[in-house]
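Each in structure tokens, the structures are laid out below.
Heads up, the next two complexes both have chain A, just with different partners, chain B and then chain C.
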Partner chain A sequence: MRKLHWTPYLLLLPSMIYLTLFFAYPMVASLQLAFRKDVQYLKLREEPESDAAETGTLAMQTAVAVLDRMRLEETLPNGRTRPIYWFRVQAEDTEGTTVEGWVNQENIFIESRTQSDTARIVTGEAAKEWTFDFVKRMVNDFRFGKALRTTILLIVLIIPLQFILAIVMGLVLQSGIRFTNFFLYIYAIPLGVSDLASGILWYSIFTQRGFLNSWLVELGLRERPFIFIQSGHENWMILAIVLAEVWRATSIVMVIVVAGLQGIPKDYIEAGQVFGANLWQRIRFIILPRLMPSLQVALILRTILAFQVFAVVVAITGGDVMTVLANETYRWYDPARFNNSNVAAAYAGFIMLLSLGISFFYLRTVRAQEERESQQ
Partner chain B sequence: MTTETYPTTSLSLAEQEQIARRAKFQYNLRRASIYALAIAIAIWILLPIWLVAVMAFSTPADVRGFPKQIVPVPLSTDTMEFFLNQDGILRAARNSVVVAITTLVLSTIIAVPAGYAIARYVFPGRDAIRLGILSVRAFPIVVLAVPLAVTFIELDMYDKVYSLALMHTALTLPTTILVVASVFAGVPYELEEAARIFGCTPTQAFIRVVMPLALPGIAAAAILTFVLSWNEVFAAILLTISNRTLPAQILYTLDKSGDPFKFAGAFFMLLPAMIFIFFIRRYLFSMWGINK
Partner chain C sequence: MTKKLSLLLAFVFLVSLFTGALAQDNKVTFMSTQFNVVEESDKAKAILAEFGGTADFVPSEEGPMIDLILAEASADEGTVDLLGALHGTFPTLANNDTLFDLTDLLAEIEQSVDVNDSFVELGKLGTEDYQYYIPWMQATYTMAANKQALEYLPEGADINALTWDQLAEWAKNMQEATGEPRLGLPVAGLFHRFLEGYAFPSWTGGMVTGFKTQEAADMLVFMRDQLWPYTNPESINYEFMSEPLLSGEVWVAFDHVARLKAAFDEQPQDFVAFPTPAGPAGRGYMPVVVGLAVPYTSPNPDGADELIKFLLSPETQGAILRDLGFYPVVSGVDTANLPEGVAIQSAAVEALTTAPDGIPALLPVGLGDRGGEINQIFRNAFNRVVLEGQDPMTVLEEEGAALQTLLDETGAPCWAPDPPSDGACQLK
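Entry: the complex of A and B
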């Protein structure tokens, strides 16, 4: 189209730099947080000098046997001297081999510099090492299993409902009724509603003195308000969260569905009608197959977002009687609570892994299906 | 053409009329049920909003009362005033606006050239870049927020309004690029070409011909960016402590606050978003980069 080949790259450059900075870098940092820990190791020296050759390394708190000691003098700025001790120690390192060498007095705890024959390593050089500690801590936390189960249960319940409702909305909007634009705006409103606000909306319905209880009592179906949201009423809490999420996040699927429906030529559907296909058959055999590409995009997007469900759950349940993965991430990070960004990063990494896994699974399933269809 | 003969029917006129009537009845029934469905879905969407709006404009006593009323009688702004006078709420609202506007400006400035490049140029790597942008749009916020918070602490950028705006820009940028690209794609290339034939430089053609036509769409993209930032809560609550945005402040104090605060807060957060969605409703479909 144009000769200046570098122009588009130049125009894209700021975006690419920005996205790399804010996506690629945090990914690496996240892995570091989750899998690297700070450790200290003490290097043993061949001679009682800090720059002598190394003879081995010992972990912190290793008990050592003192084999020999040497008293050196250090001259202070005011001309006086003070004694500095070096100790020849022997112990097993982390791999179980016996090592021995000289250490400075400042790196060990020793009761008496002149008499004790045992000591303990207390300081050393800072280092980073790979670890599964944070992942283990995440998995062993009793809320991990609950959070994972709830998150997956919510996805399994919410996504099908959302897609059915979104397709119904799309078909209604495409049916050529009057006021389509008005209905479209109404259906699109939740696009602008935050998950927190949506959670509070549905909290107002399901809370003990909320609207649902008001109606139940006014209709005489119950004498006293029923407490939907409390420990032990998991099903009710799940129902409230599912309704809130379906209410809020169906709009985006609807937009994608409508855009997809607009791409289906009217002739196809009319042809189906002429040949006597009923509504269900037209949906099943004409509309859905042509809608598939749009639905795949929506499915991947929605599932990934559903793994991050957070504010809705907190707004409805408070985040204690019921928890999800993103809420655990926040709890571990929160300086007022666990204040452990390593475990939080492990959670974040876990969510990332699930998201990648599910996208991969969807894409593979879709490809397998396409291949099967092309073979037929 | 020869005259076509239609098969003659053996049905009497009355029978034909009856069939026609039945068909018309069925047609009307179907129309009516579609309208009923459309209205039912509209009620499903509007009812929770109405309920929380009623709460926001009832007296605090009515908000705490039981059973709840579904019309705000007596109408009162006390609950909203109570909410707005809570410690930190106005400040948080101001932070939210500052973050959202900074995000809007940054995101638009960076996205416009990128969107234009994707819409107007054919170049090696274009599809890969498009796909890359699509996939980062679906990237989990949760994954980014934790390491960025730690990095911001190290860089002494933690708990700053502008840091959060930088983070929100990263979150909104992919969407903004795709919307802007579809807006530019909607401006006929012929117009730009014509301008250049009449002596405009590429830059002039862009500023004087393309930009005025694309401006409403870009404004819609900017509004969408604003809404995304205004609503975002997870990154906000992780990256700020004393400079919380409105959703972060509300979420943080949620377990300590009563229902009047919650309902008024929800309504307050909802209002700008509803208005903005009204203005950008025409652009909703180009928003997800699937039309184009």
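Entry: the complex of A and C
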């Protein structure tokens, strides 16, 4: 029998606790928001007390007749009293039988507590039910398709561009030409700029009275400003977003690429040179395959972040005419807008699903490639 | 060691109890979702300094305020004495039975000042005899124009009694004369209020019941063919209209008075304010009401009552108008000697709210915490028809179905300007 080693598990424990607490738990809670709905039922009581025997159950929004009422008083810690009303109500339950019993004022809407002889059931005991309602509302909203399309379009446009640029930048830095450090500093500037700031920056370039238009007018290329950002100008808006995103987030890919490049032994490249491989052949057959693991990491990171692209889009386009998935999540969540965290959670879940899917896909394809290579 | 620690803890506990008790003495904690920008809350604090007792002004966002009050209610222990919030914040708190009935206090206040009746009615949240909140101040949305725009006003148009057709013609004139679209709408801001309170009511006479009628379709077609083509397309990025007005990018704009205020404050000589236009059914407009409520858990409800009386006094109401740009809800406020910008806006609000063809369209009453979802529906209708060119009737049918579902699920009866209904409001 093998002895059980506890050490590795103990070493893993802190990160496991961390992941469970700050990732797994919020994720499960958020998914519950998306798929679980509060269905409330109100239980009628035999006596005007919350723990009295039940006499029936009513659904929300049932209209009830008020037969009797009772006023109780509770003295509050601040010295005042609060009235607590109980109403004896009669109504038909969901099966059509007439039920009668007492309900607390909290659970009904009544125009006048002292006068009205009808009321409406508005709250009850919460029972969670599984539901696809929120997912349906997300999918049926006409902005869903647009948001998904724009998000994917941005990924397709931005990521290849970023990777080509990042590899070129990385090779420039590795080539050891003069002013390497100068280039590194220039490249690294956007690393310190937040995405919102970079969105606002690019908006001020493209807006009606922005830098670009000022130049165009001053150079005499246009008589009056051209309005790039407007509904119907999807292409201009996409272009502005792509430029902002490429400007902002390419350097992080570059950092990973440079780290990967430094891990490639010089011998390999020198061996290639000895056998007469030209620059392109060295890149294609030596550097790129060796760079694959770094590229994989960068690719997963960038794609997941691209599914969450938000601030740049909102800053440049206002987020109403042009929208992305993360923006819809926010609009549904925002109390000042649509204020429905359930649909927002459905969006969040959808983004997570896409991110999981794409990470899985990258891991599989890149690993398959590695396996092919090792068999050669 | 542990004994020392527990002694220390006990000491800390006692000290905190003691200081807590001291702090509670006569202090009124006033939590407000309005004036939560630093400059505004400083001005609000200056106004509250005139209050006899000690008023502690705590600005907050809406969500945290609701969470706090619900948590305090379930803990049966509170810290907040008075709440100041928009009408739409209160249904959630009322549904959870956390607020005092302020009927008696209001009666006492009305012995000296007259509080606007329709807002008092709103404060009952659909009930007959339970005053959940007492109206505190109001605002609305108006138009603003750069004086350069006035020469392009259509012939015979009275700026204080404009129609939507005249506004569209005006926008067209400006574009043709200057080569640039000069009308601006806050599409990235409170544009849903433009649709709910101004566009729909001006054509259908109501907000929701006429949502999928021919009149509503006519309105969207008007927006698509006559107004939007002459609206600055950068509108999709406008959140506060004072900014493009001040930069000169836009000459004529619609927005919340608070979001136009900066333009009138900074360059009162350059701008005019005027009522929103009228349509075939009348001049739809949306009063925005801010109310005051006292939670059951208030540690100092008497102080809260006193503070409400102070806030509703004509002097305080005048100070709020002068310094913060929110309009009085009581009569007898001295409106002479207002700063120039405030006076201009004040006159426009007065003209709008007293217009003979005015249709005051209130914020949704019975939707409770789902009040925000209606915004999505109205915005969808506009975007699909006006920006994407989809068929108006089809769009209104589809979005109308979503609206009806929302009304049915919340059981919300119709609210003004729609005629009252028994049970959930029904679309025509």
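The criterion applied here is as follows: the second predicted complex is superposed on the first by the 265 of 376 C-alpha atoms of A that agree within 3 Å, B and C clash if a C-alpha of one lies under 4 Å from a C-alpha of the other, contacts with A are read in each partner's own complex, and residues count from 1 in each chain.
As a convention for this text, contacts are C-beta pairs under 8 Å (C-beta built on N, C-alpha and C of every residue); 3 or more make two chains touch, one makes a residue touch a chain.
Computed from a predicted model, the values in this text were never measured in an experiment.
Using the contact criterion defined above for the overlaid structures, shared-chain residue A:Leu301 touches chain B, although it does not reach chain C. Of the two partner chains, chain B and chain C are each touched by A:Pro335. When both complexes are overlaid on chain A, the residue A:Phe142 reaches chain C alone and has no touch with chain B. After overlaying the two complexes on the shared chain, residue contacts for A:Ile186 are found with chain B alone; chain C is out of touch. In the superposed model, A:Gly318 makes contact with both chain B and chain C.
Of the two partner chains placed by the overlay, only chain C lies in contact with A:Ser112; chain B stays clear of it.
In the superposed model, A:Arg209 makes contact with both chain B and chain C. Once the two complexes are laid over each other on the shared chain, residue contacts for A:Val168 go to chain B alone; chain C is not touched.
Of the two partner chains, chain B is the only one touched by A:Thr7; chain C is not. Considering which of chain B and chain C touches more of chain A, the answer is B. The contact surfaces that chain B and chain C form on chain A in the two complexes overlap at residues 203, 207, 209, 225, 318-319, 335. Across the complex, chain A meets chain B through its residues 1-2, 5, 7-12, 14-16, 18-19, 21-23, 25-27, 29-30, 32-33, 165, 168-169, 172-173, 175, 177, 181, 183-198, 200-205, 207, 209-211, 213-215, 217-218, 225, 247, 252, 255-256, 258-260, 262-263, 294, 297, 300-301, 304-305, 307-308, 310-311, 314-315, 318-319, 325-326, 329-330, 333, 335, 341, 344-345, 347-349, 351-352, 355, 359.
Within the complex formed with chain A, the residues of chain B that make contact are 31, 34-35, 37-38, 41-42, 44-46, 48-49, 51-52, 55, 64-68, 70, 110-111, 113-114, 116-118, 120-123, 126, 129, 132-133, 136-151, 166-167, 169-170, 173-174, 177, 227, 230-234, 237-238, 241, 247, 250-251, 254-255, 259, 262-263, 265-266, 269-270, 273-274, 276-278, 281, 284-285, 287-288, 290-291.
Put simply, chain A touches chain C in their complex at residues 60-61, 63, 76-80, 82-83, 105-106, 109-116, 120, 122-123, 141-143, 203, 207-209, 223-225, 227, 229-233, 316-321, 331-332, 334-340. Residues of chain C that touch chain A in their complex: 61-63, 76-77, 95-97, 100-101, 126-130, 179-180, 187-188, 191, 232-234, 236-239, 247, 249, 296-301, 369-373, 375-376, 379-380, 383-384, 387, 408-409, 411, 423-424.
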